[in-house]
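Note that the chains take the letters A, B, C and D in the order they are written out, and that residue 1 is the start of every chain.
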């Protein structure tokens, strides 16, 4: 994949995450520059639903824009730059506030996969609380110091919840980042509803997580969803 | 902004709140006349989805219509007149019965922001119960006496829940009133679902509310949502 | 209103209740013949979304069809005939299985209005259990004996829940029946969600129910919703 | 019904289950070959929303494809082959992960019909846990050994929940399989919400299940829903 193809796919991904309501007017998805791994692509600051090719900007891994062309960048670009720096295996990132997962992001509940397709999120999703290290803030990740703290919470994992805010999900491809964000949200919904019944949840075992996670990380599985989502989103 | 622009924006806002389902067939959004702060604009009594420029009427701050042109006004216009009178800083008001927040409006639960974007609602949202001062009524705010009571509950805050009825949200602009109403609703949904799990909610700290509230009150944040919502609503 | 106008309004009502998802493929809305109060109009057995003028049949108050024209009638027409017989004030009836209210219809929870617009359902909605009088059945109201039992449960009230099945709502007009069914459902949703939080619900007082119910039974309130719903349903 | 008609109906069924959100990008519906009961039809591996006549493949009851024509088959075709083998009365099968029923599929809750239309699912829906017999797997049913284990859990019943995964529903026709899957999901939703209120659920009695199940298994009932769903799905 070259630079132009990566940008095209990023524009499509913005439409898809908007259509799937993984993002509302906030949240963002990015892709690493396939021609230069020290850089990544991200829209200027606007709602994902409206993003076009003309909105895409390039940043280095300190999240410094290469050429702003007069545009305003997202203030939380540091989430992406820091994760691309700490995780050479990551090619795409989705930061979102999907409404259905937020109830878990405001409690201390540890998220673990209960659904086979959600095995892609790994054995446990940590909750990162910006207050722990930075005290009272406006809750946004607006510096490399903050971004590095969040990246440390993600570690070698797939995702982290951000207390009172949302989540971040990393992927080996754009499709992987979106697929994982989709089933992270569904897993949260299932957990919340199951907890409301008072019944005990049977989570996937570590072995099931590994095996089902590997399966659902393959292009054959994720591509089936991607084809469906692109058709739904009309792209 | 002049009078004509305010009316145009009000018509758009009616479509937006209908599209976002902040209102069903009831509820209303208004704007203060930018050329005469002793007056405000409000549709005649009809569902917000259907409001056009021809439906907009002007009222003074006693909620007396300037010229009804044969139209029937909303019986709850006093909510707006009384708040514009008590709060010179307020330029727009949204009164709604958003279905998702109503479960909180029928209990004694105090709403506080748990989500960063909801920091705009302030530290605590009081519940105003019309029965406390007025006994058994038809639940509507149909006089200046009632409107003043509700305005006193709002005080210098951003919103109040109305027991068994809905809520009122004030804004420094039309976009601010709608944005705040949107995230007030989302905060209610998150609280309700989190409470149903039996887990303890971590609310934003006072410092986080102040800092995140200030950030999300800025036109750069609210404008991003507004652009998205107008595109969705087709206006 | 004459016979033709009543049939036209009934066709519109079928589209509206389908659009509002008050019915899925089952459920029905009917209207009394304004020219002959001993008869009522009801579609042949088909999904409300698809009903046209050609589907409308006429029945007497024993639910005997006047002229089937080769069509299959709904097997539960007795719900309607029996209520039109017992309640001369009733001009329209909606029987539905709205998904959101069903959780209350499978428990012993007594529904009372907690929301001002739901005051139209009256002080308390009884739960009618077909098993009490008829033992094990297929759960449908398929005889005048069963219909009379249900009508007795409704009494002079506005609605009854039907255990394991759905509800029936009566109205003084088609608009009143649909409006009351809409806010009955919303009241159920609010109760269910509020109960899930563990908090105590403040219901409307008897005086509030009377006053708000009277207000929301007026054509000025119901017509506002009707105009909105017809526009949404494209009729 | 001949082979061509069965394939046409299967394509329609794929659109319907996608429209009803019984499936997301995963899940599948199949039909037995009416001309050769030792074979069944199933799409190649793709999202049900996108399935066309050209995607339909034929399999024997060992789930061996007759002619792949270069296509990739679903890896879980064994669910279908094994059930068609164990159940000569079954003509169609729907395997799905409907989001709303998943909270029950991750707990030990036994599903029983609480709603009359859900009587078609039978007296009790067993939960099949792949881990019981096969230990840590990727959770998918990818062999005849696994398929036979699941078929044994279904037995002579109508459905089984699959722990951490979804469900399988069998039918005497395509319409019966989809109808039963639809009301299985609704019954799960109702149970979950009713359980969250803390109130006790009144389930249908065995006699009610038998009588209402028989009634709602008839083409007159299921055809009404099918006509509605086809119209909604635009097929």
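The rule is simple: contacts are C-beta pairs under 8 Å (C-beta built on N, C-alpha and C of every residue); 3 or more make two chains touch, one makes a residue touch a chain.
Not measured: the values here are computed from a predicted model.
J.: Could you tell me which chains make contact with chain B and chain C both?
T.: Shared contacts of chain B and chain C: no chain.
J.: Roughly how far is chain A from chain B, centre to centre by C-alpha average, rounded to an integer in Å?
T.: Between these chains, centre-to-centre, one finds 32 Å.
J.: Centroid of chain B to centroid of chain D, CA atoms only: how many Å?
T.: 46
J.: Where in chain D do residues touch two or more of the other chains?
T.: 191, 196
J.: Quick one: do these chains touch in a line, a ring, a star, all-to-all (complete), or other?
T.: ring
J.: So in the complex, which bits of chain D are touching chain A?
T.: Counting only chain D, the residues touching chain A are 24-26, 45-47, 49-50, 72, 97, 99, 102-104, 106-109, 129, 131, 135-140, 163-165, 191-192, 195-196.
J.: Quick check: in the complex, which residue numbers of chain D touch chain C?
T.: 114-117, 119, 186, 189-191, 193-194, 196-208, 210-212, 214-215, 220, 224-225, 227-229, 231-232
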